[in-house]
Amino acid sequence: MKLINKSHVAKKMPARLAVNTICKGLFFLATLVGLLVLAILFYRIFTQGIGSLNGDFLQNFASRKPEEAGIKAALIGSIWLMVVVAPVSLLLGVGTAIYLEEYARKNWITTFIKVNISNLAGVPSIVFGLLGLTVFVRALALDRSILAAGLTMSLLVLPVIIVSAQEAIRAVPRDLREASFGMGATKWQTILKVVLPAAIPGILTGGILALSRAIGETAPLVVVGIPMFIAFLPQTVMDTFTVLPMQIYNWTSRPQEEFQQVAAAGIIVLLILLIFMNSIAVIIRNKFQKRY
Amino acid sequence: AGCGSNDTSNSGKGNEAASDQLKGEVITDGSSTVFPIMEAVAEEYMATQPDVKVSVGASGTGGGFKKFIAGDTDLANASRPVKEEESALLDEKGVEYTELKLAFDGISIVANKDNDFIDSLTVEELQKLWIDNGKVKKWSDIRPEWPNEEIKFYSPGTDSGTYDYFNEVILEEKPMVENATLSEDDNVLVQGVEGDKNAIGFFGYAYYSENKDKLKIISIDNGKGAVEPTHETIKSGEYAPLSRPLYTYVANKSVAEKEQVADYTQFVIENAGELAEEVGYISLPEEEYQKDLDKLKELEK
Amino acid sequence: MNMTLTREKESPAIEIDNVGSAALTEKVYETSNLNLWYGENHALKNINLDMHQNEVTAIIGPSGCGKSTYIKTLNRMIELVPDVKTTGQIKYRNRNILDQSYKVEDLRTQVGMVFQKPNPFPKSIYENVVYGPKIHGIKNKKILDEIVEKSLKGAAIWDEVKDRLHENAYGLSGGQQQRLCIARCLAIEPDVILMDEPTSALDPISTLKIEELVQELKKDFSIIIVTHNMQQAARISDRTAFFLNGEVIEYSDTNTIFSNPNDKRTEDYITGRFG
Amino acid sequence: MNMTLTREKESPAIEIDNVGSAALTEKVYETSNLNLWYGENHALKNINLDMHQNEVTAIIGPSGCGKSTYIKTLNRMIELVPDVKTTGQIKYRNRNILDQSYKVEDLRTQVGMVFQKPNPFPKSIYENVVYGPKIHGIKNKKILDEIVEKSLKGAAIWDEVKDRLHENAYGLSGGQQQRLCIARCLAIEPDVILMDEPTSALDPISTLKIEELVQELKKDFSIIIVTHNMQQAARISDRTAFFLNGEVIEYSDTNTIFSNPNDKRTEDYITGRFG
Amino acid sequence: MELRKTETYSVQQMILEKKSKKKINMEKVMPKLLFFTAAISVFTTIGIILTLIFETFIFFDRVSIVEFFTEAKWLPFASAPSYGIMPLIVGTLKVTVIAAVVAVPVGLATAIFLSEYASEKTRRIIKPILEVLAGIPTIVYGFFALTFVTPVLRDLFPSLDMFNALSPGIVVGIMIMPMIASLSEDALVSVPKSIREGAYALGATKLETTIKVVLPAAISGIVASIVLALSRAIGETMIVSVAGGSTPNMSMDVTSSIQTMTAYIVQVSSGDAGYGTTIYYSIYAVGMTLFVFTLIMNLLAQFISRKFREEY
């Protein structure tokens, strides 16, 4: 009658628990790897850059003299870029995700759009630069403006936002949707009031990753033709500008040792900006996150 | 249409007395080698003309010309003269331009600090070293008394102005040793040579002069005795054949139509030498700048 | 108000509808020749059923017989399942709801639903209840507050939650969650309320309250309830339909079904001999 | 086997344990002075209860009274909720399971559980059943097949699914899913089976089968069942504990509880006067 | 209890009133609007293809497409140039494989640790920190690879060249790891708790529950995150440019200098190649190859993900 030999099971248990403990340790170590790398990176950057980081550094424009070189134009430029990229890419990305998850029928157009998106995610950033140059700078005559660069960057990070928003929307349990429909809510109301709020943590995670990428990218902006040196601040989205990673890239390629330190200081500023952005998103995310 | 025409005698940075305040944009792009010079010039210029917005890009000599051809920029910075294909396209688009020389860059041949046998090389030896012969190269292949160890080659990327120039004057268009390690970034090459005992490499003079303590410089013998690249030997032309000129190309139309471009270009010529020195290059003899100024005068008429 | 209209048409369900008095009450739902397939799976077979106003109609039957499927068809919730095909007619207040021109939102505003598994929104208790009124455009805070109190009281959960209206609904126990879902449904004051085993997660006291509430509600509304609990069906319903393998075996007034069933299978099921 | 040991200690539950015959059967669980908090919420208050081998112990009480909380403590499933604090003791086969040195995996291999909401794995029906045996190291295909058949039959679902064992379990109806979960639990042949309202999603026939099964199983196992259905408790259990607001109001043999309760509140609850 | 007709108001009546007042029909407008946003991604692809295709045609006018795919050497700057893309593809693959070997196990392990083992508090602290890792500009990683990872590796394996595939591969892996960790963690967390409980109750250890129940249930999200991350590895430019050298070759050796497709594009587009030269057009052909390359990879991943997806 008994198909399971209990003593056998009991004998195996210590080994299984040991494996579990070992794996837990391994998983923990893996997590530490990321943190360790981050710590090393930060340590190296801070020890190198902290000396150059002062009020003047934030106040000054770039200069040929390392001691006078500052980050102002690039910092303000990066912020301007985010002002364009964040709303454009989030609106387009979340909109697309909603369409695909909630409205799209199962047909070849939908399949095509999906394949297309995951493929776009793999297209190297430099190719987006070529696109931005052709379409936004030239065809739409936006010139080398913040808008042109911002739109280029938005397209670049779009797939990341779409894919993670799709996953987040898909993870919202079906019975929540049913409850809403059962109240006579329309599809759009259900999406807006039930699905999106429940999916926000996932959407924001994707959003953070995407914007983090946008703020650290150099290659497409080089191709679009964003200048590396600028000593004035943009006034509108139609003005030209430069961004932090370009300025940093420029400094790292200088022969003078002092510029390496200036570059490190620039990286610190970029990291602070990044951490600031992430913190905002994390706060929002933690506020919304629930486990079903 | 020129504005600065009354003031051309003014040299140096004190342009502010020259004319009334100008407005508008000056867009320059191109070589990343030239970028530090152009950045310095723009920095100084904007101190005197705060309402002129000068932007300096660094999308490479080729990229710079591409934009120049498309009419996006007023000045195209280049670490080599314009190529045939490019000038054909410029003609096609009806873009007339003027070539201006800015400074010299001396290409420095360096070895690892621990290399105690190499001091100088002749041009022939350089060729023997760098031109591919299908075999693994050892130091003893060059001079028998040198160690029997494999040489590690470090070179700027094939698409840089520095490589191009080296290719022209040393390799004479023959293929470079196949196992050479190439990198786009001269700082990266410095790291490479510094960390590799059997390394030999070349890159811009500024990268050597900033890292003198980490590298060993090799003098070049072009038939007149070994010459070490120094500020003086490059400027005088004594360090040959490895010093190359850096350029900027200005669109004639921009000079004629935009006051601020004309003014800026003049400022470039007047200050390039001094500012180039500051960022690690070597200025041209004075008469070269004078020639450029005259060319510019012609345009403004 | 549509009574005369309703009567004009001979109900196709009349054959198995042997409740004499039923003809006097207005019909809310008239299902005729309804068939439903999940892909290849023929889940509902030629269903003919009429539901009457101000009555409680119970649907009983063994697991997997199609009870949930049928009740979900009554507010077209079934459309959410991909690959579902239906034929036949369901008339609600004399209009065929299976007709695509019938707006489901209108239908569902009239026909509320309470589900088998509690499914509160991951929001506060308060937000859960006002969800319906809000999406239908009611914004007045005072009215909303009133609706919340009334609905929660109606679902017999007011006392337990009145001090924590703004806490998350997921902190409630299963039974509390289900009662909240009932309150949420009551908040839009529907015409018909569909309930799919609404008390299956409730304790007897809450169940009793809900049962009482159902009795209360039928004065104004019509209620269709799926239940696995035959005592419940016997206690609260006016009519009972017995489903088996996607078919309606017997539909009759509750007394008849439980005391004097027509069909052998119904009798077997009710007396527990069956399966 | 530990009977003597068990007896050595005065059961703290004895005060409300007035079943004379109980002392003769071996105790499986002895709960003494158990308190449990969800954060600040004192959900279980000084619980003292003994459960006996080869008996069915029913836990009844109104929604939110702590039934699920208590039964989840018996296999330490409660640990999955963050911020839970316990004091007191629960001895299973004479070892305190609340002691952190007690490996939960060992405990749960002995103590199976069936949940309130069906929770099959998103795998095939077959894979659901063999999951437990497989992780416990049984790899022989023939034995696994046997286990699947036996368990599914035991859960009264074999006939419905025997032809689609390799289809996804999510295609089953709610009731079928729950029976599958019972089968999954039976597959590891536990010593004790905890059931948290296992039949709340089942139709009467399946319920009956499960009830019969429970009667069958208690010959070999000990069963603790939470139910909202007092008839069920009365039908199948040997002892019944009545919970209210996190306290055990009365624990006694089932006959006594239902025919002659000690406590006024128990009587009120059972007669439906209460709440 | 009188629920329906209150003296003061009737909810249904209010609903009717509100409905008649509605101006725009969101239900009609939104799907169209959203379809339009979805179409933008398609336009982007079309735009990219159009941007690439003309120049690619010019390139293949000058260099035979057969040579492009069969020639074993990529020497565009030689006096007798040779355009065989294989060495660039090999370089790209080497870096991607190394990155995957680093990032997939570490990223997944991190995701599992955070979602299954770590306390809520730990999770909330560590996840954002990892996300910072994903945002560090790649140029910073490039120098990190060159000035830290390479020297460390060279201490371990003295035969390692200054520029090699190993060091940038590892660092690209580090860069994409947070992406896998963060997105996979989201996928794991969204697996319903009740499913985990089912496994725990059978005496399964956390590990067994995770590997046999939770991971399979979350597989589609996990595969999506890996594909996204690997696509990024393929497209990564700066790290490989700085630390990988720029010597295209076909050898499988990871200790010597390489060039990837992206690094080549950067080299030319930020370099000195004349506009209008064959070299100039070659970047479009390489870009096109890269595009097709990622397309194939994605189709493959979609197939895998669909095959293993478990619905819940």
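We just call them A, B, C, D and E in the order they show up, numbering each chain from 1.
Just so we're on the same page, contacts are C-beta pairs under 8 Å (C-beta built on N, C-alpha and C of every residue); 3 or more make two chains touch, one makes a residue touch a chain.
Values in this document were obtained by computation on a predicted structure and should not be read as measured data.
Visitor: By the touch rule set out at the top, what is the minimum number of steps from chain B to chain E?
Guide: Contact-graph shortest path, chain B to chain E, evaluates to 1.
Visitor: Show which chains lie in contact with chain C and also with chain D.
Guide: A, E
Visitor: If you count the contact pairs for each chain pair, which pair has the most?
Guide: Highest contact count belongs to chains A-E.
Visitor: Compared with chain D, which chain's mean CA position is the farthest off?
Guide: Of all the other chains, the one whose centre lies farthest from chain D is B.
Visitor: Counting in whole Å, what is the centre-to-centre distance of chain C and chain E, each centre being its mean C-alpha position?
Guide: Those two chain centres are 48 Å apart.
Visitor: Scan chain C for residues touching two or more other chains and write them down.
Guide: Residues 109-110, 117, 136, 188.
Visitor: Mark out which residues of chain E touch at least two other chains, giving numbers and ranges.
Guide: 192-193, 205, 208, 266, 269-270
Visitor: Among the residues of chain B, pick out those that touch two or more other chains and give their numbers.
Guide: Touching at least two other chains: 32, 58-59, 63, 185.
Visitor: Which chain pairs here would you call touching?
Guide: A-B, A-C, A-D, A-E, B-E, C-D, C-E, D-E
Visitor: Under the stated contact criterion, what part of chain C meets chain E in this complex?
Guide: Of all residues in chain C, those touching chain E are 109-110, 133, 136-138, 143, 146-147, 150, 153-154, 186-191, 213, 216-217, 220-221.
Visitor: So in the complex, which bits of chain A are touching chain C?
Guide: Per the touch definition, chain A meets chain C at residues 106, 173-186, 189, 193-194, 197-198, 290, 292.
Visitor: What does chain E use to touch chain C in their complex?
Guide: 1-6, 8-12, 14-15, 18-19, 21-22
Visitor: What part of chain D is in contact with chain C in the complex they form?
Guide: 60-65, 68, 116-117, 160, 172-176, 179, 197, 200-209, 228-231, 269, 272, 274-275
Visitor: So in the complex, which bits of chain A are touching chain B?
Guide: 61-65, 137-138, 144, 222-223, 225-232, 240, 242, 250, 252-257
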